[in-house]
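Each of the next two complexes has chain A plus one other chain: chain B in the first, chain C in the second.
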Partner chain A sequence: QAVTVEVLDHLEQLALVDFRDAEGVERLQKAIRFADQLQEVNTDGVEPMDSVLEDRCLYLREDDVTEGNCTTELLKNAREKVEEYFVAPPGNIPLPKLEERETFLKGS
Partner chain B sequence: ALEKGVWRFQVSAALREGHVSPRELCQRCLALIKSTRFLNAYISVAEETALKQAEESEKRYKRGQPLGILDGIPVAVKDNFNTAGIETTCASNMLKGYISPYNATVVQKLLDQGAVLLGKTNLDEFAMGSGSTDGVFGPVRNPWSYSRQYKEKSVPKSHSEDEESNWVITGGSSGGSAAAVSSFTCFAALGSDTGGSTRNPAAHCGVVGLKPTYGLISRHGLIPLVNSMDVPGILTRCVDDAAVVLGSLAGHDPKDSTTIQDNFKPFELPDSPDVSKLSIGIPKEYQAPGLSSEILALWSKAADLFKNAGAKVIEVSLPHTRYSIVCYHVLCTAEVASNMARFDGLEYGHRSEMNKSTESMYAATRREGFNDVVRGRILSGNYFLLKQNYENYFIKAQKVRRLIANDFLKVFGSGVDILLTPTTLSDAAPYMEFIKEDNRTRSAQDDILTQAANMAGLPAINVPTALSERGLPVGLQFIGRSFQEKQLLTVAKWFEKQVKFPMIQLEEGKWHNHDVFQHQKSASFS
Partner chain C sequence: VGARGCGGVWRRAWQHGAGGPCPSSCGQRAATSNGRGGAVPVGKSGLAPWVPVVGLEIHAQISSNSKLFSGSQVQFAAPPNSLVSFFDASLPGTLPVLNRRCVEAAVMTGLALNCSINKKSLFDRKHYFYADLPAGYQITQQRVPIAVNGSLSYSLCTDNKMSQMVTKTVRIKQIQLEQDSGKSLHDDTRSQTLVDLNRAGVGLMEVVMEPDMCCGEEAAAAVRELQLILQTLGSSQAVMAEGQLRVDANVSVHHPGEPYGVRTEVKNINSIRFLAKAVDYEIQRQIEELENGGTILNETRAFDSKLGCTVPMRDKEGKQDYRFMPEPNLPPLILYDAKSLPANMNHQQVVNIDWIHERLPDLPSVKRAKLVDQYGILPEHSFTLLNEDGLTEFFENVVKQTQMKPKKVIGWILNILLSYLKQHSLTVKESPVSSVLMADLLNLVEKKEISSTAAKQVLAELWKGEGKTPLEIVKEKKLELIQDQKELEQICQAVIDGQENEVIMMVLG
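Take a look at the complex of A and B:
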């Protein structure tokens, strides 16, 4: 079944990436159909695998500060900054709803 | 040195003996890069810093204190590795102009050994693709498109058709690195390998492409695609060189906790490898639909070579092979959805002018910065990670991953030492043909023989084998046991010596000065 507009809208908000056009939506539909082939495999009693190194202990270093003080370096790549701060537009403002957004999904 | 054969000449020895100086070598490579710009293999060329590094190297050679085999050797690095002071773009608008403040661990290690960093190579945007055609700086052209071997075999379709429309792709996503090595502009290059991205272009460009075991080489500074599968890849013109580069890169890195802590000992490969005591497995599922009859025949001939040398060659089965691509598709898009979340315009990279709110600025930045392929994968990944889908897609894929990894465990556990498979389904496609299908379809087709090794974290290597009927390189792949790179490379070296893959014959006019080749033409540096 095709993905509903509600889900598509939800995905655009979660991903903060837009579908752009019908091709984008079709791309997702194709991806889902492709992924559905997984259902053919019998995975009864099989544990999910997170990492091929699951049998080993992850390296944890000592909780000591060994480097830092590179504020100037790090700020070099930011477009908007003030003193030692990255400047962001106002937060806590949700993305406009579907009807008010610049999106291909509008009116679907 | 004689033992290596007249046509293989060691650049490293030449540097040590003073036949050529690091500066000369660097200058020649830079000149060659300029004259091969039409290949579009490089995104950034770091001319000034490279020459400085070459000068330092020269001083060391004069003092008789080179840092090692890699001292003075020109190398190139795929543009998804962070390089301090040099732009790192991942072939995306999102990172155009991004100058990294640090070197990826593998880059630092090369520099510490005295290697000369010539520049950053082209790729598919964010390493997503199998053609090196989907980056923001345009596609990479396979140097073999301009070889005498290819030209002789191609039939001009019309009077007006010229080589411009006939060129073939490099494969991907590390196409720039493969092209750079194949065209002699550098002696070794770094790529990355998540689904075959080092081995695939290595096969199409006729070079050695090594994917090390997951956890052997640090990923610190490699802009991540799939954290549980990515590895830095090594591209060279011969197996011995790959062993040298591996020796300088492998080992635990405190900055990458997914590197194993075992002590890694760099190794040299035997001059005359012996394969008679080995068991070579031929997985029947790798006779995939679409595999060209040429490659099938080469694969069979290769198996015979091993048989005649006394090795035990047996057919084996990896039953879940055909699900590896679907599994990869889900796990990759899921990890991509997470990894790409860092690109929001705030700390680095492209930032949109939109500033009504943080969310809308992020959305606009990402809308402007990512291409269709990247956006498509992010959206698919987010879909598979939705609460209602998590179990059926993400967890399911993780379970299938275990089944795939277990297939390999079973086969290696039954006494097989090395697997022999094709690397690609066919030789390189012409660009005009390749772009007729979309990125995901192509990746699904092209990764089929390489992906499972990433799924299981195993080491694998492409060895150039022969030329196809169209005069283009075809390679075969060896897959080894975890952390058994020495055995893998030993077998690869033996095979390389047997097949004697021909050198690319480049048309003189196109490639500027023939003298430039005096030291590059040698396949190896070690």
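Take a look at the complex of A and C:
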């Protein structure tokens, strides 16, 4: 069962991954087939486990100010800044349209 | 279950043309009664009536020193990116550590809103991309929030004079803990967005109200009461102007007996007054759209306070898929009560629901009942007292220092002092007339040394804040009531003597 172009497009929008070419898509399909093996296990009556930490005690911190005040350090990572603000594009940059991507996949 | 639905309120709001630019056809709409005896708006003649449905999602910033999952300070208006830790900036290798105070705030709020507190609640990640969300996801509680199934009671006045009050209830679906995002400043001239992460990671309580309301006035009253409760608890300062209380309204309309209509979400509402306007405008807009054969899109709209209308929001790309997943770095949050309290646990690690419950302060509704009970004032008076910051304290201080009965004092406070304050846009704390001066003045009235009318003159003088006492002003302006019988007779006689002709005419009939 192949992954459709619509699903690929949806995944790329949601996760900003780039499947790039036919080989990337094939790797994805192999990964899905590998993970599907989990479906063979009967989990009736078994509560799903979210995390191996689920029996641990959630540590509660006291409400004290212990961090912050490191503006210069944080801004070191910024490619662009304006007076201690991070600079970002005006809105989310839309991904290339579906049609452009389809031809790109076909081409490789 | 309290009274839901509008009763007569919708008809009144409708006739007054609630909301912004309202087409003139508005005034012609009449109202009919529905089965419950309440009025329901009627559309153009011949068309079926409409039932508006309003639900609210409220985000209240938790009043705490540090953030929900990090130790950076929580403070309004600080130099950009100065209150940001490595975790808040989402640098790799950092982990969330839950702030105990935020948990307590959420439990207090849940208890005050009659919720069931979930002894085990879970954290999840809600994914979306935006420049002010550096991690690409928000940590929230989508599957099992900290509190569920509560209720909030609020009151409405059925006429403008506040003499008839009706109590309504709205169901609280849930309360969840979640992170706030940073702030984006849009610089359109340079086509860029400036990002300040000071607010990123601040603790929020999201209060989700079921769609039990039907107009702007109900929504506003419910939010006002929630605001008072949060401020009383101290779990949030809930000042809308500082973004500590943000309200999104979900609005739809349908015909009675039919399924709910498509709803729109209205955002960018900055005050309680605008909330009422925005909701009423959107209801009107939807009714008109549908009656003109149009459809309602399931979209997000922003309220434009200058124009008094809602407009579609750009940049909201269709239906979002948030790909909720459990937050893998946080185990379940376990809360305890007196029965389940573990014997050997460190106190600092234990949040005890019963302990918090025992220490809840008197909620506004209880405070109002006590005021009515203790001072013999009317319920609507108690509402006004609680509605103005500091007014209850002022009133009680005056009562303590005067012989005048509280039932009379309240008139002076609410009708005279409060209108002075409103006229000059002052808060109670800024009043040039202190409770001591007020009490002195009322004592003069009570002892019949001056008349009420004279007292109002004295108050006008006191208002100038020149430091004179009421007695000094009375003497200065000779406003004393004359008590001496003989003196009064002399004055009357002098008047009669001076007007001999008129007196003769009167006596003759």
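We adopt the following convention: the second predicted complex is superposed on the first by the 95 of 108 C-alpha atoms of A that agree within 3 Å, B and C clash if a C-alpha of one lies under 4 Å from a C-alpha of the other, contacts with A are read in each partner's own complex, and residues count from 1 in each chain.
In the analysis below, a contact is a pair of C-beta atoms (placed from the backbone, for glycine too) under 8 Å apart; a residue touches a chain by one contact, two chains touch by 3 or more.
Here the structure is a predicted model, which is why all the values come from computation and not from measurement.
Judged by the number of chain A residues each one touches, B leads among chain B and chain C. Looking at the shared chain after the overlay, A:R79 reaches chain B, while chain C stays out of its contact range.
In the superposition on chain A, A:N69 makes contact with chain C only, while chain B stays out of contact range.
Look at A:R27: by the touch rule set out above, it reaches chain B but stays clear of chain C. Contacts of A:V41 after superposition: chain B is touched, whereas chain C is not reached.
In the superposition on chain A, contact of A:D55 is made with chain C only, not with chain B. When both complexes are overlaid on chain A, the residue A:P89 reaches chain B and chain C alike.
Common to the chain B and chain C contact sets on chain A are residues 10, 14-16, 50-51, 53, 56, 58-61, 70, 74, 77, 86, 88-91. Every residue of chain B that touches chain A in the complex is listed here, in rising order: 98-99, 101, 214-215, 228, 252, 254, 257-261, 320, 323, 326-327, 329-330, 333, 337, 344-349, 351, 354-363, 366-367, 370, 372, 375-376, 378-380, 382-384, 386, 392-393, 395-403, 405, 438, 440, 444, 456-457, 482.
The residues of chain C lying in touch with chain A in their complex are 64-66, 70-73, 79-87, 89, 91, 97-103, 122, 127, 129-131, 184-188, 191-197, 315, 317, 321, 323, 326, 328-334, 348-349, 351. Residue ranges on chain A touching chain C, taken from their complex, read 10, 14-16, 50-51, 53-71, 74-75, 77, 82-92. Here chain A touches chain B in the complex through residues 3, 7, 10-12, 14-20, 23-24, 27-28, 30-32, 34-35, 37-41, 43, 46-53, 56, 58-61, 70, 73-74, 76-80, 86, 88-91, 93-96, going by the rule given at the top.
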